[in-house]
Each structure stands twice: as structure tokens, then as C-alpha cells.
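Common to both upcoming complexes is chain A, partnered first by chain B, then by chain C.
== the complex of A and B ==
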């Protein structure tokens, strides 16, 4: 990794250099909201960027895994038909201002969607067509990324900025990023910069108030399959799939085929689906393997904190806390896992 | 013209004769069927419309599919509905009125005599308790919404003609709200029935910053008990919540539980 330092006012030059492409970044969402809210969106002016954002309502997921995506269209001509595939990745996109949790989320998605035996070309096309500028964050009360080991990003970005006050400490992680930084006024970090950088990292660590105890969690989840806690959380759950929709790593989906009204064509549509939705485990013939809301809620935790760990040696959760913040019923990962663990302790 | 005039992937597709009827309603759902000019011609080549008072003068009585809008509020409507049922192979209830009673059923909350007097004074009027179509005949398919969503109807009718199965979303509006990247209306200080209402409208109202009023009726396994708690947490009164839940009639079976 290469490190450089740029002056604060040099950041706009970096933005301008990258803005020949489409730029997505954190922007303010709804100035009339009681508490300020932020979300990722296309940015057309450096001033729109809110790099001080605490978190965003939705993650970056929609840019690599759109909630609804047309996989292909079919055109019928006489007695023949033609299939047209569009990977829907038409342009490179610069993601300007991404926190470590979201970069780690993309890295986790990579393992499933581009590193597996059958890579997903729709995902890979978009993922390979991005330039990611990370930025350090200010942990919020709901953030538990430190517990998940995702509070710093080691790869999966081009450039990572840390706000030192008057300057930005810049980590360079790709050849393109190296070319960019060479066009800016930058300097090698000195001893003083290193000290400032470490101070900021230290300060950040002290801000985490939300934690998840991952010790032996895969085994505990196995032991607590019948725990009453699941039923308690299930009573609250709307089975609305909001947690999965805002989750940066939930990738499950369904596919529907729609025939055009003129009967001259059809299309195959992918829709991101949540395992909390009522018919997620419904099969042909109408049998539903998980008819109760608590069994579906439990399944989501088992996939993220048990199944995925066994397959990839890491949970499918980056601790961004979005699911808990978005859940109307107030179901949060730290509380659910703590309740299941407590049960285990009571049994002793 | 032979009834088999088109095919899809080599399978002959019949062009069914369809008719549109209305009981007590604003006829807004039928208007929806007509209002998408870009796809109207495709719709008209998919089916043969033989009876549609709002759109044509001719009145054919030979049809396979009947789309019926509106609720039953008069005794003569029961006879008309039964005749339609007898003729149609498939009877489709369209809109909240036909499916649940709709806005009309609000009057069921009051004494019928009082309602009559309040609206019509001493003028004699034939009116009865408002009921959905299913109270009197077998309804084969329900298309929800006030009004119905044109895109959804087009998809459903295409599937009907093709003989494909028709599935309504089994998830609540929240799914579509998140797909549309909306800020949750509860965060904007607005009550919303989205978490308990069946999706399919593409979060029409919430996307326009209006909390859901539940016109499409409850989602399967609606967690109304939890919604009650959430309304209270956000300082909305029981009255505000009931106003919404009672408005279109879809939640009638939950109202008793709500009032507990």
C-alpha cells in the first residue's frame, strides 16, 4: 500500500478529475426530517457530497445488485425466437465516500457472486466497472462493525481517505488511483501525519458502543435452534424484508418471467427477495417450509452468522447496523444475538 | 374471424370476449383500464371488449371474462351480479369496492336509517349494508387497489389470456418502498399502513410522500398487533390508525382485534 497526504482543498480537484465519470456519493436526504438522513445517490456537484455522513439509509448494494433487474428479453419472430442479454453495466461509476463497512460488504459479495463456481456476470460487470474512494467514518451508536472485524478495509477500494483535519491521509490501492494522486499536489506522509492518523484510528475505536459477541457463535446458534428468543423476536417481525433490503450483503433473489402484452416478446426479471418474506421457502405444490415468521427471521441469522461462516470463515454481516435502524419493530442484530446467547448462559 | 387468431410460442391463444360492469363505485378503476394510451391498443388486441359502458356504445352479452367494479349497496345490484356470474366463465372483482366494499363500506359503521336520513332526508331510497361481490357470488380473481394499478392489471390480464397462474405479492408495501429507495414515512412523521398492506402498487402513495391507507387490503399474516405498538411509539392516536384501517374495508377482520 502506498500512502500520500493531500491538503483539504485538494479534494475538490480529485473530485473534478473523477467526475468525468458518473459519481455516486453520500448526499443529504430530506432536509425536513426530524433527524438528518443520508443516502447514496448520483452526485453532480462536489458541494452536494456530504463526506461527514454518519451512515446512509440504504447501502451501495443497489448499484451492483439492483432491487429489480431485467436479465434478458426474448423476441418472437414467426416460429423462432431470439434472446438478448444485457448486463446493465453501461458505464464506469465512481463511488466517492464509502465507509469501510460497505467496502467490506462488497468484498463479501465478491466471494459469493464473483468468486464462486458460477460467477454472476450481472454483478461482476458492475463490480469491475467501479472506482471506489473510501473515507474514514465516525462510529454511530448502532455501529458494531468492530465486532465483525469490518471496521477497516484492507482491499476492495482504489483509494481510502482519512480526514486529518487540514489534510487527508490517502491510501492508494490501484494503478488508476496512483495515476490520480500523481496529478494532484500530494506529499509523502511524515512522522507527524503518522501520529495524527493513529490518533484518529484510536479515537474511532473508543466510540463503538454497540457490540456482538461472536465467540463460538456458530456452535451456540446450533445449540439454540429451539430457543424461545426466536419466537419472541418473531412476534415483533412484520416479515417485510426491510432488513434485507437495506443490508449491504443480502443477495437472495427470485426470478419471474413476464410475457409482453402484444405476445411478441417476454422478459426475465430478477427481484431481490428476503428470506423474511412469507413465501421465501414456499415450493411448487404450495408447501411452505418456513410458514412462521420466527422461523424465517431465525433463518436469516443462521445464514449470516452460521452457514456463511462455515463456508467462508467469516459472517455475512459487516455490522453497519442499517437493518436495526430501518426495522420499525426495532429488531437489531446485537440484541437478537445477545438474547440467544443469554439463553445459553441461563441453561448452565 | 376465427376465435383462434394468435399464438404464443406455437401455442394457439384465444382472444377472450370480455365485459366491464360497475356496481356502486366511482368508476375510477374502469377509467384506469383506459388511461394508458401507450398500451391501450395492445390491450385491445389481447381481448375483445364486448361491453364497456365507459368506453363504447355497443352492449354485447356474450362474454367469457367479466370485470366487475364496485360494491353491492342495492338489492337490484345482487340480481345484476348474479346474471353476470351466470354468463361469465371468469368473474374478476376489480378495485377495493368490489374486493372489500371500499370507501362505500364506511357507512356500515353507522345505523342505516340514520345514514339514509343524513344524506337523502325523507326521500325514499333503496340502500342496504355495503358488501363486497364475494358476499353474493363466487369471485374467481380479485385485483386490488383504489384505484387498480394499470401495469398490474395488464400483467394479470396477459397471464389470464395465456392461462398462466396469477400470483399476488405475498409481501407488504415496505418491499416496494425500499425498492424505490424511499425514506420510511415513519421517519418523516407520517403514519403508514405499508408494513401490513399487500404490495403490488409499486408503493404508489408512499413514493409520493403519502402514508399508505391500506386500499389493497392486508398482506397474508399481517402483523397488526405490532403495527398498533409502532403507531403508539410514533405518537399516532388509535383514531388515526383506525381511520386508515377502516377506510377501504380490507382490514375489517382486524378491526375488532385493533379495538381491544
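== the complex of A and C ==
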């Protein structure tokens, strides 16, 4: 990784340079009351960009794994049909101002969607055509990314900015980003910049208030599989699937096929799903493998904090806290895991 | 800065006649329903042939694997293959009309073009079972995935020891593949059939599959060595059958089960078939009994 320092007013030049492409960035949503809300959207002016955003409603998942996506279309003629596949990626997009947790979420999705067997071309096409400019964040009360080890991004971006006050500390991670920074007024960081950079990181670490204890969590989840706390959380859970909708790493989906009105064509639609929805594990004939709301809630935690760890050595959760913020019943990951761990401690 | 280049991930998607992984993700073989047989009131046996002769010959699967069958505009669903692996892309699928898509399928005429993708999943390790005795235990529709390993065994009958097929069904009218029982018996296979409720045409045993399994285990003598078991059936059956086999000292790594889950992709992406985070479509549907015990809520 190479490092550079640019002056604060150079940022607009950087934006202008990238803005020959389509740019997606954090913008404010609604009328700032009671608290301002932010979300990623296409940006057409540097002034719309709100790089001071605390967190966005949705993550970049909306762009790499759209909630609804057409996998293919069929042209049907009598008894004959042809399948046409469109990957729904037609242009490179610059993502300007992405927090480390969302970059790490993409890295985790990479492992399962494009790194394992049967790589998903729909995801890969969008992921390959990304230019990601990360930005350092200000931890919110619900963030527990430090516990999940995702508070800093090590790869998966092109450029990462850290606000030093009058300057930006830039980490460069691709040839295109290097090209870009060379056209700006930049300088090599000196000792003073290093110190300022580390101070900012230190300050950020002190701001985390939510924590999850991950020590031996996979084993504890197995030990506490029959724990009563799951049932208590299950009673609260509405099985609405909001958590999965805002989660940056939830990728489960369902497929539906529709015939066009004129019977000349059909389409295959992928829609993101949630394992908390009632019919998630129902099979033909009506048998449901997870009929109770607590078994589905438990499954979600097992997939994220146990199964994925077993497969890829890291949990599928990035600790962004969006699910807890969005949950209608107020169920948060740190509370659920703490309650399951507590049971374990009490038993001892 | 110039515009960022657009990267086409499907570029160079076909080299030396082989598709790249990304290009094969959404690829379906065009296939044709060549024949339909009614097995019972609800189950039909479909003979489905991949149309392109080259693709048909190249299509290889192992007993226990499944394919995704696609009816454009209606739906896509996983079905275990119940024909012999030697027949390549000339498949037989036994399908019960249970949902939207399968009920539609039961209405379509011969010659209908469908899509096949796959094969997916793990298989029964029939090569490991050479010179060994095999117990194939099926309940209800569970005979369907067992039919592929039965064919594999029949085709190389002399390489195996005693073969027991134990098949339980709700009533005589729901028995599948009745026309093949005589052929199987001619190949020196002990076929025992039991039904939950008999009727006037039935003169065989009546009761649960476990009662006849007990008899067969007693007849087989020592099953702690040289015997493999392949089990498939409804979830409640797995538990009792596998418990009985374990009690009779059959090693758990020699018991193979084929699990059923809802699948939307078959490629380890949609998570619908997950048990924990084990994908039934990638690490299954065939598991040995140790893996089943190791997975929470598998059966």
C-alpha cells in the first residue's frame, strides 16, 4: 500500500476527476428531523456528497446485490424457447465515501459469492466494475465493528481517505487510484502525518461503546443450541426480515419465474429473502424445517457467527449495527450474543 | 482521469469447448420430455433427454446427485436423478405433483422442451462399497434417489456382496417402480416391502419399516463390518432407522443418508438449503451419518 497526503480543498478535484464516471455516494435523505438520515445514491454534484455521515440506511449491497434482479429472460415460441442472460452490469461505478465496515462486508461477500465453487457472475460483474473510495468513520453508539475486527479495511478498495483536519491521509490500493492521485497536488506523508493518522485511529477506538465477546463463540453457540434465551428472543421477533434487508452481508435469495402477458416470453427474477421469513425452509409437501420464529432467529445467528466462521475463518457479521437499529422489536446482535453467553456463564 | 474501463466478466467465456465458471452459472441444457409414465396417482416418471447429442454424452453424474429442472416461466426445482449413471444425459426423474411447478409438469405433453442444469451435489460412494454388503432403505418417495445407486449396483452386481432393499410405503397403491421388483429380485437382491396399511390386494407384511429392518438385520448377522447402509425417506424415518442401525453396531461413517431441503439455486448461493451454514446442495444431499449428527437440526 502506498500513502499520500492531499490538502482538504483537493478533495473536490478528486471528485471531479472521478465524476466522468457514475458516482454513488452518501447523501442526506428526508428533512433532517428528528435526526438526519443518510443513504447511498447517485451523486451529480460534489455539494450533495455528505462525507460526514454517521451511517447509511442501506449498505452498498443495494448496488452489488440488488433486492430484485432479473437473472434471465426467455423468448418462447410454440414449444421452443431461448434463454438470454443479462448480468445487469453495464458501466463502471465509483463509490465515493464508503466506511470500512461496508468495504469489509463486500470482502466477505466475495468469499462466498465469487471465491467459492460456482461463482456468481451477476455479483462478479458488478464487483469487478467498482472503484471504491473509502473514508474513515465516526463510531456510533450501535457500532460494534471493532469487536468483529472490521473497523479498518485492509483490501477491497482503491483508495481510502482519513480526515486529518486540514489534510486527507490517502491509502492507495490500485493502479487506477495511483494514476488519479498523481494528477492531484499530493505529497509524501512525513513523520508528523503518521503521528496525526495514528492519533485519529486511537481516538476512534475509544469511541466504541457496543461490544461483542467473540471468544470461543462458535463453541458456545453449539453448547447453547437448546438454550432458553433463543426462545425468549424468538417471542420478541416479528419474523419480518427487516434485519436481512439492511444487513450488508445477507445474501439469501429466492427465485420466481413469471410468464409475460402475451405468453411470448418469461423472466426469472431473483429476490433477496430473509431466513426469518416463515416459509424460508419449507419444502414441497408443506414440511417446514424451521417452523418456529426462534429457530429461524437462531439459524440467522448460527449462519453468521458459527457456520461462516467454520467455512471462512471469520464471522459473516461486520458489526455495523444496522439490524439492531432497523429492528422493529429492538433486537440487537450484542444483546442476543451476550444473553446466550450469560446462560453459559450461569451454568458453570 | 479517463473513464474507467468496463470489465466484461464473461469475456473468453468458452475455451476449448468448456465454459468458464461464470458463464456456466446460468447455463441450462435444453432437454425434451421423451416419455411420461404414471407410477401412482400422484407420481410420474419422466424420461428427459438432453437434445444436443454432444452435450448429452458429456453430461455425467454419480448416483445420488440431483439436477435442477426448469420450466421457463413456471419455475425451477431440484430433483434427484433416478436413472442409471451409464445413461448420461438420458435422464429419468420421478416427480410427485406437490406444488405449482410439479403440478404444471404433470400436465405437459410429451415433447415439451425443458431446461436441465447440473448435476449438483455429492453422491453415494458406490466404489467404496465394492466387495461389501449394502442395505438400501427407502421410505415413500425415498426410493427415488435410491434407484440410481440400485442401478449402479445391478450393473456391477458381481462386485458386491449381499444387497438388501428395504422399502416402506403408506399403502400398496403408493408403491413406486412396482414393475421393476422382479428384475431386481432376479439379480439376487433381497427386496422386502412393507406398507403401513394393507388393502385387499396386499398379502405382504403390514407395519412400520423398522419392524422389517429388524428382521433383515437379524438375518444379516454381524453388520458392524462389511456392510454399508443407504437411507432415504421422510425426516421421521431417518431418526428411527439410523438409530436402529447404530444400535446394531453399524459404524456411523458407513451409513449414508440423502437429505431433502428447499433449494433455489443448487450452487451454494441462495442459502435456502442451509443446515447451520452447511449447504445441502454443495456438501449434500448425501451425507454420512456422522455429518448428520454433527449438524444441528439436520433431521
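Please note the rule applied: the second predicted complex is superposed on the first by the 345 of 348 C-alpha atoms of A that agree within 3 Å, B and C clash if a C-alpha of one lies under 4 Å from a C-alpha of the other, contacts with A are read in each partner's own complex, and residues count from 1 in each chain.
In this section, a residue touches a chain if its C-beta (ideal position, glycine included) is under 8 Å from a C-beta of that chain, and two chains touch if they have at least 3 such contacts.
As the structure is a prediction and not an experimental result, all values here were calculated from the model.
Of the two partner chains placed by the overlay, only chain B lies in contact with A:37; chain C stays clear of it. Contacts of A:268 after superposition on the shared chain: chain C is touched, whereas chain B is not. Judged by the touch definition given at the top, the superposed model places A:295 against chain C, while chain B stays out of reach.
Contacts of A:307 after superposition on the shared chain: chain C is touched, whereas chain B is not. When the two structures are aligned on the shared chain, A:83 is found in touch with chain C, with no touch to chain B.
In the overlay built on the shared chain, the residue A:124 is in contact with chain C alone; chain B does not reach it. Once the two complexes are overlaid on the shared chain, A:259 sits against chain B and chain C alike.
Applying the stated touch rule to the two superposed structures, the overlap between the chain B and chain C interfaces on chain A comprises residues 76, 79, 81, 258-260, 282. On chain B, the positions that touch chain A within their shared complex are 6-10, 13, 39, 42-43, 45-46, 154-155, 157-159, 162, 164, 170-172, 174-175, 178-179, 181, 183-184, 186-189, 194-196, 219-221, 223, 225-227, 230. Chain C contributes residues 1-10, 21-23, 25-26, 28, 30, 71-77, 96, 98-99, 102, 111-113, 115, 234-235, 260-262, 264-265, 267-272, 274, 276-278, 282, 296-297 to its touches with chain A in the complex.
Contact residues of chain A toward chain B in the complex are 29-30, 32-35, 37, 39, 57-58, 62, 67-68, 76, 79, 81, 235-242, 245-246, 258-263, 272, 274, 277-279, 282, 293, 326, 328-329. Chain contact summary for the complex, chain A toward chain C: residues 17-18, 20-21, 71-72, 74, 76, 79-81, 83, 85, 87, 90-92, 94, 112-113, 116-121, 124-125, 128-129, 131, 176, 179-180, 183, 222, 225, 251-260, 265-268, 273, 275, 280-285, 287, 289-290, 295, 299, 302-303, 306-308, 310-311.
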